Amino acid sequence: VSHEQHGADTGLFSPAWSGSEVAKRTSDAAFLQAMLDAEAALTRAWATVGHVPAEAGRAVTEAASAERFDIISLAERARSGGNPVIPLVADLMAAVPAQFREYVHRGATSQDIVDTGLMLVTRRALAVIVADLERTAAALGALAAAHRDTAMPGRTLGQHAVPTTFGLKSAGWRSLALDAQGRLNAVLSGLPAQLGGAAGTLAAFDAWASVDLAALELLSAYARELGLVEPALPWHTLRTPIGDLAGALAFAAGALGKLGVDVFTLSRTEIAEVAEGAGGGSSAMPHKSNPVRATLLTAAARQAPALASVLFGAMAAEDERPGGAWHAEWQPLRELLRVVGGAARDAAELAEGLRVDTDKMERDLFLTGGLIVSERLTAQLSARFGRAEAKALVAAASQRARETGASLAEALRAEGVTDAGDLTDPHRYTGEAPALVDRALHRT
Amino acid sequence: VSHEQHGADTGLFSPAWSGSEVAKRTSDAAFLQAMLDAEAALTRAWATVGHVPAEAGRAVTEAASAERFDIISLAERARSGGNPVIPLVADLMAAVPAQFREYVHRGATSQDIVDTGLMLVTRRALAVIVADLERTAAALGALAAAHRDTAMPGRTLGQHAVPTTFGLKSAGWRSLALDAQGRLNAVLSGLPAQLGGAAGTLAAFDAWASVDLAALELLSAYARELGLVEPALPWHTLRTPIGDLAGALAFAAGALGKLGVDVFTLSRTEIAEVAEGAGGGSSAMPHKSNPVRATLLTAAARQAPALASVLFGAMAAEDERPGGAWHAEWQPLRELLRVVGGAARDAAELAEGLRVDTDKMERDLFLTGGLIVSERLTAQLSARFGRAEAKALVAAASQRARETGASLAEALRAEGVTDAGDLTDPHRYTGEAPALVDRALHRT
Amino acid sequence: VSHEQHGADTGLFSPAWSGSEVAKRTSDAAFLQAMLDAEAALTRAWATVGHVPAEAGRAVTEAASAERFDIISLAERARSGGNPVIPLVADLMAAVPAQFREYVHRGATSQDIVDTGLMLVTRRALAVIVADLERTAAALGALAAAHRDTAMPGRTLGQHAVPTTFGLKSAGWRSLALDAQGRLNAVLSGLPAQLGGAAGTLAAFDAWASVDLAALELLSAYARELGLVEPALPWHTLRTPIGDLAGALAFAAGALGKLGVDVFTLSRTEIAEVAEGAGGGSSAMPHKSNPVRATLLTAAARQAPALASVLFGAMAAEDERPGGAWHAEWQPLRELLRVVGGAARDAAELAEGLRVDTDKMERDLFLTGGLIVSERLTAQLSARFGRAEAKALVAAASQRARETGASLAEALRAEGVTDAGDLTDPHRYTGEAPALVDRALHRT
Amino acid sequence: VSHEQHGADTGLFSPAWSGSEVAKRTSDAAFLQAMLDAEAALTRAWATVGHVPAEAGRAVTEAASAERFDIISLAERARSGGNPVIPLVADLMAAVPAQFREYVHRGATSQDIVDTGLMLVTRRALAVIVADLERTAAALGALAAAHRDTAMPGRTLGQHAVPTTFGLKSAGWRSLALDAQGRLNAVLSGLPAQLGGAAGTLAAFDAWASVDLAALELLSAYARELGLVEPALPWHTLRTPIGDLAGALAFAAGALGKLGVDVFTLSRTEIAEVAEGAGGGSSAMPHKSNPVRATLLTAAARQAPALASVLFGAMAAEDERPGGAWHAEWQPLRELLRVVGGAARDAAELAEGLRVDTDKMERDLFLTGGLIVSERLTAQLSARFGRAEAKALVAAASQRARETGASLAEALRAEGVTDAGDLTDPHRYTGEAPALVDRALHRT
């Protein structure tokens, strides 16, 4: 049976993560390898604590190579028990020399292997994501520094409000990328191994031990073999790691989504203050250069919160293994890793390639005929004329400026304010934006 | 590059839909075929309205066979433009004899092909789902008829309340399956073709026409070729079909989830009033027969609402094609079809194989020492003693029954109520349950 | 205790629905009245079927007036039982003359009253929402007719693509409003009464009957008294009405959200093709006129899908009353009604007051120096020069037009195409947009 | 206008948080007070940096008392601008002596006040939640210690698996409560003040300053006045605090939901191993004692993830103030605080009052006729007979035990295994459960 016939997905409808390193690290083959790694680590841990021969650990480790296994057959046989470990253990035993078969999966429950596999896959995927966030932050930091003083319109509810600088905008994007990186790193450093046996008491490990065993030592050895954290308790239905992942990954998607919607907005034909380095083409209109990376970032930010909500909901898992909550985690967690993985890749490319049109920013500062500095004028003329009259003056002058094409300073002069001077210059009304950029860039 | 290396998914972590017919009909290969079907239908429609040679329609149709295309290459090239149609059109043109190439994708935009492909895939997947719901309803109808009068405890907030019948429970499950089927059929019968060109005005079809064309005729011909409904307007950002799908699919998952949680609950070791025909095994405990189908139904009901929420959210799609909302639909819609497809398959198997332990139901009716009929006793003794005294009498007798092991009728006799007789029989307190079953089964 | 001290919400942070008719119809007082209506209808129904005196029905109906009850006290006493019916029944009995007290709540369970109350509240709220959608559709229909031929840029991924008309855009908004109205009307016409007693068997109604009663007759009479549909089965854990509401309300929010994001986008300072009739002010910038209605529509579309997802998730409700799923419906359903109610009000005001700047639309058509018609030129010049050369010609002429300020027709002449004429006129490239408007407006 | 007529909510349909301290701290009045606190802090901060008279700070602070303001009027006037600050500033100015009016809201934008108000409300609500989690953890710790060795069935997929102890279960609940507390405390300690002016550049503060001002000093002074953290950047569209809150609150709801579903399950009539100290009554069945707290915890866990998903989604907020994403945060954040606040209160009461029926646990250990220790027997008899024969022996003996009522040890003896002894005692197969309890309780 070929993959196509079986119904394999290769990312045809997921351009956001298709072909990405994170997609590879979260593929079925990657999950299979991670579960095999868990099985091999368990047998080696048994050997470490002295209860099985060291050769058994080596034999299982050697056999535990994903390419030897038939994923499609495993997937189909996974159905009857509701998880892939039962057929996997059978196939792994068959792949191990007869004398070592009894040492495979000793004392473990399916969930030990699935959960440990999920943590390994997560660790491998997060390593890439965190690196891409670092690239993203670096590129955004360079933009912030370069455009520390580049004035442009600040926009609220879609309307020009007061000037800001492109540096401040970039510094804000960077701070979100760093926040996301920080939250993911915190989760990454705490990903735990899972080992508890059928009901999380570790009882089966005692039962299978040839002599007295402190099963907690086995747990330690297992976690060390895997490079995962040893948990205080088996966490079959204490889903703290899953809840933490849900939060950190949804956060990251939102953080990068902000970059996406901003670049998308600033790329609009009428605004065109930035453009993606290599925009996407169109099947119908040869001239178009679409903000594809920004679009995909936005699409990711629309999907991640819902996926995370399934994971948060699955924390309310009854008993020692629940009837549905656990099974409901697998696909959403995998897809969440991919969605964020694709977004981090897109963000890095976007940030590194972003083209900034400072001329257009400059022109846009004057689009409202000076209203963009009306807040300032009102504030400063209030001292002279009182608040109400100041407001009226500014409104009248702005209207005149737009109607006559005169500069706002000229229009104010016609209203009798002869010394408006610098007050009407948007470049001189960026407030603390440059200082805020400096302050934000101190963070590393 | 093999699929494993590329990161293909084959359902290893989706036992709920792994290997299912719906999974096949929603695979990348199925989407590819559906998009090719859309392209071929477009060229044939052009021929139908007399603007391209009939041979061109035949040539494109012949070339438009998914197995000729390299999905992985398409997936990778899809990235730059953010959707798979640009590389697909290039490959399709290359697969068509040179003289017909110009008739490929004439006037269409990527979204015409992707959306039409999504509708074709949806139609093909829904056909299976609806059939599985029909099987489910039929099996549940048989259970309802067979157990019309089989009394069992009704449970509210986990506590025995008053008796019900297993027939009424089954009739309720059936009514939900029929409701789900009805809602999916309504959507199925309205799935529209998509054709509008770059901004939904059909202008390019006029531009490419060799002579005057009423492009609306082309739209009609295209929809007829596909067997899809002709929409009143191109719906690039009028996402009614997607919103309807979201609602109907989330509904179906919830409807089947009710069956799942009920069977899961009634399968608990302590209750054990029903059991799955073929429960799932355990990697650690050979004796276990797990309610795997019920578990997977519950897991589906946990995932579908979140996936649907992404689709509802994507209805707020700006402009003539949005920056993210459209791209955010693809994976959630596919996964939603699969989750519901897997659930419908599981529900059918579950309903057809369910084993009912009427003896256990009978024993459970007496588990509370008669409290399960206390409502009735209170009601009927109120006429004699007033409400307050009736309550006190029933409470005292129930306590005595539990403590002494006496029947409730005996215990009431000890309290001076000598004619409780049938009043204490749970079988005689199923109310209108049998009549409700009859009423519900009239629906077809 | 005043409401403020108790923690009442009056909509201070919900400008979208604050003070709306729907907010009033979904207030605690409205829910209280609806539950009282259910209680009164039940006693009257008992009278109708001849089992309680007609005076009792009148007495309970007279007592069942919300202003007589202390909502805050009810809310606090609701805590111990987890729903407000237990204290409500106590207070209602106290408000009824002693001789009729025994006829209050006879045979009913809390859920009968809460669910019926929810359906009454829903019916009353939906009536307003549907009317507001009708107003919205009427206003949008007028816009579509008035601007059937008003050309403007069509935008995809934020970039000018090809021309469309503002009429087509308005017709699309209208079709979504009508779709939403249709789906809500379908739900509205099927809202069922709830009556089943403790476990949905209607047994208690038989038990309380003075003589033989077909409890199904009581159910009919009860539904008639309420003007709600008589359900085939009590639906305590068959949540079809809730699932349908979730879908229809989330659909409506998405449909109106599309109007919101479009108006928001077209209101941007740089685009400014439309403006809200009465935009919102700013606390800091006196000149600003914000697209507040559009913003609130977008905010509604962000909240509704998540609220609906809770309702869909609650369909998987175990037993005859579930442990959490039912309780989880109340607030999300109320908030969903309010969010959609506020959105429908905002949409009607927005549509009725929208100002259209056709001059700006006209200017924007020429913003890309003719690229907006490049698709058409390429199509038509392909016949003469072949596709590749046609593309190159158009690209060169467009660049020249932008650089020199010449018209595209002039630029093409410089490239040797002397008869481009009408081909370069965006007004002549709106395709079937006007015809589509006509077609869409036929729907009523 | 009375609150009822206006549509006030007092929690009638929210028994989970009705009347709670958190509900009070998140009421409209509480939000109003928090916004007034922000306004007063701003004027005082201006005084601190020497730009307005100290008397002005005192005057605004004195006027800024919520009970002086008409919430309903504010709510209604909030509509036109889309937020309550514009009318609030007007009313606050009117409440301040004329000579100080000009110092109200100086330089600030609406969002400065709303966001700061949200952070103050959040801080006040979280303080209660964290304290309730502490109470919960303390009570659960006591249960864990008391029942360290109390054996009971471990259950997976609803089926008895192997024994566990109630202490381990309680220790797990406690660890989740502590995890939730830790995550909320982390957020609590970082809640930032918001101050940036119209576009987050702090420019207006410079403009309004009577002499040169380092506006960053004003920001520091403002944060100090409020006891909130000074942010590195104004965070109008850098929604890190909101994303963090979403994650931590959804986590807490999930963590407590686990307690809820477990207690609900163990309270089932057939299991009845625990009971709530004061269960809820029923309007129809006088005998029932419902697990109401557990039910409400479960209901909370169903709502919180969806509410959090809106907040995560709102992180993708375009420009300097977005068109909808910000407005979409308010109600979900408030409701999320309330849902978690109610859950924390319920959890504390539940944990403190939980009644444990160790006799029932003991009886349930023997419900499967020894299958609950089959894993152990298989493991240990494998050494003697090989794995396959061991399995068969255990299966045969278990069946015999159930059929004959004999003990499993006796049944094994009949199969020729005469020394099963302790191996069949479920109390001796709790593995490391007691040691894990000790280990978990070391965490404080």
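Each chain carries a letter (A, B, C and D) given by its place in the written order, and its residues are counted from 1.
We adopt the following convention: a contact is a pair of C-beta atoms (placed from the backbone, for glycine too) under 8 Å apart; a residue touches a chain by one contact, two chains touch by 3 or more.
Model, not experiment: these values are computed from the prediction.
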item: Neighbouring chains common to chain B and chain C, by label; value: A, D
item: Between the pairs A-B and B-D, the one where more C-beta pairs touch; value: A-B
item: Inter-centroid spacing, chain D versus chain B (mean Cα positions, whole Å); value: 32
item: Centre distance in Å when chain A and chain D are each reduced to the mean of their C-alpha atoms; value: 24
item: Approximate Å spacing (C-alpha centroids) for the pair chain A, chain B; value: 30
item: Interface hub residues of chain D, defined as touching at least two other chains; value: 82, 107, 109, 155-158, 161-162, 197-198, 204, 260-261, 264-265, 280, 282, 284-285, 290-292, 295, 298, 301-302, 306, 309-310, 313-314, 323, 375
item: Parts of chain D lying in touch with chain C, wherever the complex brings them together; value: 3-16, 18-19, 23-32, 66-67, 71-72, 74-76, 78-86, 89, 105, 107-110, 113, 197-198, 204, 260-261, 264, 278, 280-285, 290-292, 294-303, 306-307, 309-310, 313-314, 323-328, 330-332, 334-335
item: Residue ranges of chain D touching chain B (in the complex, touch as defined); value: 153, 155-162, 264-265, 267-271, 280, 282, 284-292, 295, 306, 309, 313, 364, 367-368, 371, 374-375, 378, 391, 394-395, 398
item: Residue ranges of chain A touching chain D (in the complex, touch as defined); value: 82, 102, 107, 109, 154-158, 161-165, 168, 171-172, 175-176, 179, 183, 197-208, 210, 215-216, 232-234, 237-240, 243-244, 246-248, 250-251, 253-255, 257-258, 260-262, 264-265, 298, 301-302, 304-306, 308-323, 375-376, 379-380, 382, 387, 429-433, 435-436, 439-440, 443
